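Let me give you the structure first, and then I'll get to my questions.
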Amino acid sequence: MPRPAGSAAGRLARKLWRIATANITIEAGIVLFLLVVAVAVFAPLIATHDPLDQDLFERLGTPSTEHWLGTDSFGRDIFSRIVFGARISLVIGLSAVLTAMVVGSFLGVLSGYLGGWVDQLVGQATNILLAFPSLILGLMVVAFLGPSMINLIAAIALATVPQFVRVARAPTVALRDRDYIQACRALGFSPLRTMLRHVLPNIWPEILVMATLWLATAIRVEASLAFIGLGVKPPTPTWGGMIREGFENILTSLWLAIFPSLAILVVVFALNLIGDGLRDALDPRLRKDE
Amino acid sequence: MARYAILKLIYSVPTLLAVLTLVFVLTRVIPGDPALMILGDQASPQAIAALHVQLGLDRPVWMQYLHFLANVAHGDFGKSLVTGQSVVDLAASVLPSTLELTIASLVVGTVIGVPLGAWAAIHRNSMPDALVRAGSLLGLSLPAFVFGILLLIVFSVQLGWFPVISPTGRVSALENLRALALPALTLGILMAAYIARVTRSSMLQILGEDFIRTARAKGVPWRMVIRRHALRNAIIPVVTVVGLYLGVLIGNSVLTEMVFNRPGLGKLIVGALTQRDYPVLQGLMVLYTLLIIIANLLTDLAYGIFNPTVRLR
Amino acid sequence: MTPPAPRGPLLEGFNLTKTFEARRRMGAPRARVHALDDVSLTVAYRETLGLVGESGCGKSTAGRTLLRLLEPDAGSIWFDGEDITHAVPRHMRALRKRLQIIFQDPYASLDPRMTVYETLAEVLRVHNVCPRREIPARVAELLDTVGLPPSAAGRYPHAFSGGQRQRIGIARSLSVAPDLIVADEAVSALDVSIQAQILELLARLREKRGLSYLFISHDLGVVRYFCQRAVVMYLGRIVESGPVAALFDAPLHPYTRMLRQASPVPDPVQARATVQVTGEVPSPLAPPPGCHFHPRCPLATAICRQERPAMRDAGGGRLVACHLYREEGKEGQASFS
Amino acid sequence: LAAAFTQAQPATAAEKVLRVGMATGDIGKIDPHLAAGTQDKVVVGWLFNGLVRVKPGEATPKFIEPDLAESWTSSPDGLSWTFHLRHGVQCHQGYGEFTAEDVVYSLQRAADPNRSAYSSDYKAIKAITAIDKYTVQIDYSEHVPSVLGFLINFQGGNMVCKAAAEKMGADFTKHPIGTGPFQFKEYAPQQELVLEANPAYYEGRPKIDRIEYRFIPATAARDLAFEKGEIDIDYGQTDKTWYSRITKLPHTKVVAVEPTELYTVHINESHPPLDNLKVRQAIAYAVPRDALVKYRGEEVTRAAKSVVPVGYLGETDATPLFPYDPAKAKALLKEAGYPNGIKLKVVQTSLGTMRDTMEVLQGQLRKVGIDLDLQIVEHATFHAQIRKDMSDLVLYAAARYPIADTYLSQFYDSAATVGTPGAVANFSHCNVADAEIRAARTETDPQKQLALWATAQKKIIENVCSVPVYELFNVWAISDRVKLGYELHGALSQGIPIIPATTIE
Amino acid sequence: MPGDPVLSVQGLSVQFRIGGAWRAATRGIDFDLAPNETLALVGESGCGKSITCASILGLLGGEGARVEGSIRYRGREIVGMPESELEKIRGKEIAMIFQEPMTALNPVMPVGEQIAEAISVHLGCSRAEAKTRALGFMERVRIPAAPERYRDYPHQFSGGMRQRIVIAMAMACQPRILLADEPTTALDVTIQAQILAELRDLCANLEMSMVFITHSLGVVAAIADRVAVMYAGEIVEIAPVAELFAAPRHPYTQALLQAIPRVDRETVTLRAIPGQVPAIAEFGSGCRFAPRCPRASEACQAVPPELAARGGPEGHRVACLAPAPVRERAS
């Protein structure tokens, strides 16, 4: 029975679902991650305080029944800020990594598939990007474009792009000589079609695994940029920004830096569960002996 | 091999040039005036204008660029606008500590990361694996500066084993090592978290290879199979990753250097950027790019050592 | 079962040369692999031409170059009376409807992430082979042609056995109604019983559709069974060609002879006869001078080490490139300097 | 790498080393006429002398006493001054005796915009003449509010040695030569600056042999180093938490000293709706000055009293600042036609204390419906952008030479309006007190001068050109082992003066 | 074949855990291997040749696999033997050559050392001694300039040479039994001919028995003394080589022989076996070939036929209820 040609989205959804339920590790990761997302989405319901409300006489309070995780140096409720911070941190992490993933994998596939001068060019550009420490890159982008969340995302994405170029390029080069890609040429498919419909879908597991790893890093880079004062605009809470603030009082109030770090840990943990699970689920050899 | 190295360096000239140009253009288009940074907020506009002329900042950007390139071609990277120090001297003064820290962290990271990763792979899905993976997650989510301070509090203040701030001037090798220990541990342990992951997955892959089966079929005991066959192969992709990580170590250790108060290239670059100290920024970026290139070269060579299939005959 | 006699050239390659830059090791000087060295061959209408030789001798390169999947360094390619050596990509893509290829490895030649239906429908769509509405029917028809059940359409390649996959690959090639198919070791990866099934299918298509094949293989038995003529390659050069029976029953070139002797025959009595095989295939990076085969040739003489033997007509549609052939007293044939 | 492991050079047991931890990544310019950052001024204070000086430990002109000049006279009209130099003062490192020539050179240098950041302070100087080896005459073209004030060991008043400055030219910043108690020894980028005692110091050789001035940007690291005794003097954070933590350490004295930095929110009148006085008043009513002082710590902060920092010559609290009254602020906003509040764009530096203060203000103003959209930029960009008039509010912290004129001229005279030629730092486009400020500058009668300044302050406050918030002291933690040898109330250099008597156990 | 069998396999069944259930990939494999004998194991891809071999070396096992039945090496039971014991047998008593010479060698270890490793592990001799012996074997498999190439890495050798290294490695401790799992499948015909000749020589000289796995009947003809034909996890026919080729009795064997085009003569008709080999999960309880068998009856579907002489000579056994009649051998 021939199947209808359309519904590419449906197909993708089905594929995703199949992968998502491939093993318990992925499932656990996804549940945990969704939990964090839920916290972000329902932040106003979960937070116990207004995350922006300062109480100048209650600064640096230790955890208590009133403030579960204590207060920061402006007397704001840390728990509520972590809850609300999930929003921005996730948005930053997700958008930066998605951007880097899309741009990076496209460039990687392009350079790996076409080879020649395109490859040279992309390779050089990647090297140049890699030659900038991500902190400097961030500093420059933000100094150049001005501070905003979009630019912050751009900075983190820019620093991450080379990684995806590399991840995408290597398997593309290997795929290029595979018969089924050769067959595409033999069948007269255009290079673009071949790349988008045949190469990309076959390397995306590797890219996806990479993305789960870098999402964590992206959230952390925000902390580094916040550390040199270039995070998201205050008073918006972000985990990175909170770590930075916490760091200034680290000798008196250690928890200020620790709690947001733990929040990152939860996300990193969830993503790594997904990443590890994916790696196993998508690796046929590992799947066999399951 | 020497030929290869030289060729590689020659090939990297365009990269170097591109980085230079990029840095030059970027620093000129971002707002901020070095004269203001130097003279301070009370400086009169005349004084600022005068300094502009003195520093050559009044000329068109392209002329500054050509001038700069011409100087670089003569090996002259100029002087710091702020302190008047020669850029080359500045770079030379921080290079040792940067290299020291980089190498030390590298050693720590590999020495801890590789065995842990291998151990986890061998005991896949059991206790050691879970431990290593959890530990490496912790390493992946803790920012270096937080981790650094924690180490400082425990090992320097509580236990008093190491100094809080690095000693300066001429110090004994031992003291130098003591001062190096904590920063190197900070960067090294965080790196180990990463290395362990890579080693683990590489090891898992190698353990499925045919030649492992061959070795077992020869009757080689399992431990020996691991050591002589699996580990030696698993290390190969780790070399690449370590090479990539080198860049991170050299450039992104700014915050660690700040916490441990060590001089370093990254710190200097950030400082130069915030001060709009153009010559220093440019010069250091050249040095930094060169270091990255050399690091890549060394990675290639190391890769050749570990992987005979790409080795020279 | 023998197809009608060939009607004249369909696909021709003249003096094709193709070199690859070998993967360079650190700092080593560039090295070039001469995958094709002045190779000329012709596939006639409705003819099946076999191409045999050892691994790495350039068989696939020849096949792919003829299809312009690889660009030749020198030489020209003619298809159906048209010089397509420099055809523009657009024109080439149109030509691909008539020129197809089947690959050796049935596991690697299908996109693992596409169902059979998607794989086949995509080709039909891209080439506008038929109106969109008719695509499902057309796919079903193709599956039927290669002997697969209609239910196969919805499944992914991994759900098929090697033989079935090879059928899908064939169906894909047939979807555009080609005149010529390059079968690059299309049956080498298959077990004998499945190999027989596929050969049967290819033969049937030849009958029904009047297809021509360039049939690449290293199995002399299969070539002898399936092809009318065969070409033997050694290290990027053609050493001998001719009708299969004559070629394998009475090889003229020492290499063909060696191949023939080394090819196992399922007959324990015959097989135990000692084979005369010496030496290894030299590296294509540094092929020996003169006749490439001389280091392994039991009969090699001085001239073999220095001069490249010319291709000579040996009568009966046979060509051979061997210095010794002349010495065997067939002088008076086309001479060469 | 080998270079880093060079042999130890053991300090002799008797050597007295003072280790100072400074909150900076590196030193800037150690040229007294160019030094702008606190980290530089602290060092300049140890290396140089002025013709006169403020008594060590004090920070106001009330305590002016002789330094390189033993005595001085002035003409009746106050336009000509003659200074008699101390004999036998030696420049560092053998650059010879300090004479009238050096004074002439120094002052000319300080007045030269090409070589000095403070040239405008010496605009009124007509001529400097070396009468003889030990006598200098300075002629002014107009009356100057405080002649001696600009000849103290502060900014342009610091005396450099001519021979050294001329010989080294631009390198002088790397190798400063003065006459102070300590002289330059060596500099390691990002690490430290080492000074050694000037054996020929005119007040006698300092008891401290060496000062190691360490650059430690991370507060936590600096504090831990102090706690462990790896440094003796720690540049502190002007913050309650820091103060109370460090105060609890044993053998530690924490000092909060003048000069303070006044934190002022300049309101840009040229940006609507800030051209509306009611809106500006609303902002003024919304700032809880006392709460902010409590928040930052009463030990290290004091509430602003006027638009000029407390204690500056001419400062007066005659006109009270607007009290905290959020209800009134809301009402004013409503009156002005903004019942739903306003939104202001604020360019803000990423530097610590400034940023904290702004964030607190943001949180407080939010309560009355004033929403601050903070654009956090790094410091250089901040300076560039506020000078391009890009911010609605500018939070600025500054310490100046402590007379009212410096503050008023730089921040409230329309000649200094940002975006105009000759601009310095009038971010608010304030012009209500131009007449008084300018008249006071050349007024010879001190009483009248004070009156003019008072009127100026009144007008500025009433017009709400700015909202002064609080003043932060310089805070230092000093180990008990350090014996200063004088009473410390303040220091214009913002550092801890080290006099010959200062010692360490 | 005289003497006690060196290897005796009885009722061997290898099971894999697939989708939660244990499925038998092979069932009831029985065969003996006499001293000095070469037994060829032929059959289509996936019929269980490799796992049979691997279980003889005790390389299977662990979480996803289970071995049942009995494998006796000179009287000692291998199934269930502890790993430490197995390690002493592997390489020394029973050695194995793998199919892929490209991947069977450790790419980062010099080939000489890989050969010497087995020697030093089993014979406990010094490095130098091991090297001497290893060199001896390298020469024996005709690696030219062996001493110079001792320290070379696998990638520096051609496929044929690599396969010879693998053979040298297997020979290094002079095992009694050599398990050769498709040692020539990846090689060119000319190289294959050389390797086969070498293996024959070695077996003869070292008095070794060999189990030779292949799916090429041409190769079987060239090397084997006896042949076992496997189909879907079972041995369907086992006979001396000449007899099997001359008078195959199992319908599968017959079909197989008819499906091979020959070089040496005109093949007029090539008869393909219709249908597919069933997947492990689809194995029925009866004769596994029945669905494709032209002679299949209902009885075939019910019970698995046993491997038995069925009227033929004792050495020629077949697992078919309706085998082809025994023919007079045309000598």
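The first chain written gets the first letter, and so on, giving A, B, C, D and E; residue counts start at 1 in each chain.
FYI, contacts are C-beta pairs under 8 Å (C-beta built on N, C-alpha and C of every residue); 3 or more make two chains touch, one makes a residue touch a chain.
Please read all numbers here as calculations on a predicted model, not as lab measurements.
Asks: Compute the shortest path length in steps from chain C to chain E over the network of touching chains.
Replies: Steps on the shortest route: 1.
Asks: Touching chain A and chain E alike: which chains?
Replies: Joint contacts, listed by label: B, C.
Asks: If you average the CA coordinates per chain, which chain's centre is most distant from that of chain E?
Replies: Using the mean of the C-alpha atoms as each chain's centre, the farthest one from chain E is D.
Asks: Considering only mean CA positions as chain centres, point out the chain farthest from chain C.
Replies: D
Asks: I'd like the Å distance between the centres of chain B and chain E, where a centre is the mean of that chain's Cα atoms.
Replies: Each chain's C-alpha centroid was found; their separation is 54 Å.
Asks: In whole angstrom, how far does the Cα centroid of chain A sit from the Cα centroid of chain D?
Replies: Whole-Å distance between the two chain centres: 45.
Asks: Once you find the CA centre of chain D and the CA centre of chain E, what distance in Å lies between them?
Replies: Computed from C-alpha means, the inter-chain centre distance equals 90 Å.
Asks: Multi-chain contacts in chain E: which residues touch at least two other chains?
Replies: There are none in chain E.
Asks: Provide the list of chain D residues touching at least two other chains, using ranges where the numbers run on.
Replies: If we look for residues of chain D contacting two or more partner chains, we find 220, 224, 377-378, 381.
Asks: Which positions in chain A are in touch with at least two other chains?
Replies: If we look for residues of chain A contacting two or more partner chains, we find 139, 143, 228, 247, 250-251.
Asks: Under the stated contact criterion, what part of chain B meets chain E in this complex?
Replies: Per the touch definition, chain B meets chain E at residues 209-211, 213-222, 224, 228-229, 232-233, 236, 306-309, 311, 313.
Asks: Tell me, which parts of chain B touch chain A in their complex?
Replies: Contacts found on chain B: 14-15, 18-19, 22, 26-27, 29-32, 133, 137-138, 140-143, 145-146, 149, 153, 201, 204, 208, 244, 247-248, 250-252, 254-255, 266, 269-270, 273-274, 285, 288-289, 292-293.
Asks: Which chain C residues qualify as touching chain E in the complex?
Replies: 54-55, 161-164, 191-197, 199-200, 218-222, 224-226, 245, 248, 258-272, 274-275, 277, 280-281, 283
Asks: Which part of chain B faces chain D closely enough to touch in the complex?
Replies: For chain B paired with chain D, touching residues are 30-34, 36-47, 49-51, 54, 79, 82-85, 90, 93-94, 96-97, 99-100, 103, 149, 152-153, 156-157, 160, 163-166, 168-173, 175-176, 258-261, 263-264, 267-268, 270-271, 274-276.
Asks: Which of the residues in chain C come into contact with chain A in the complex?
Replies: Touch residues, chain C against chain A: 64, 67, 69, 92-97, 99-101, 103-105, 108-115, 117-118, 121-123, 125-127, 132, 135-137, 139-140, 150-151, 153-154, 169, 172, 176.
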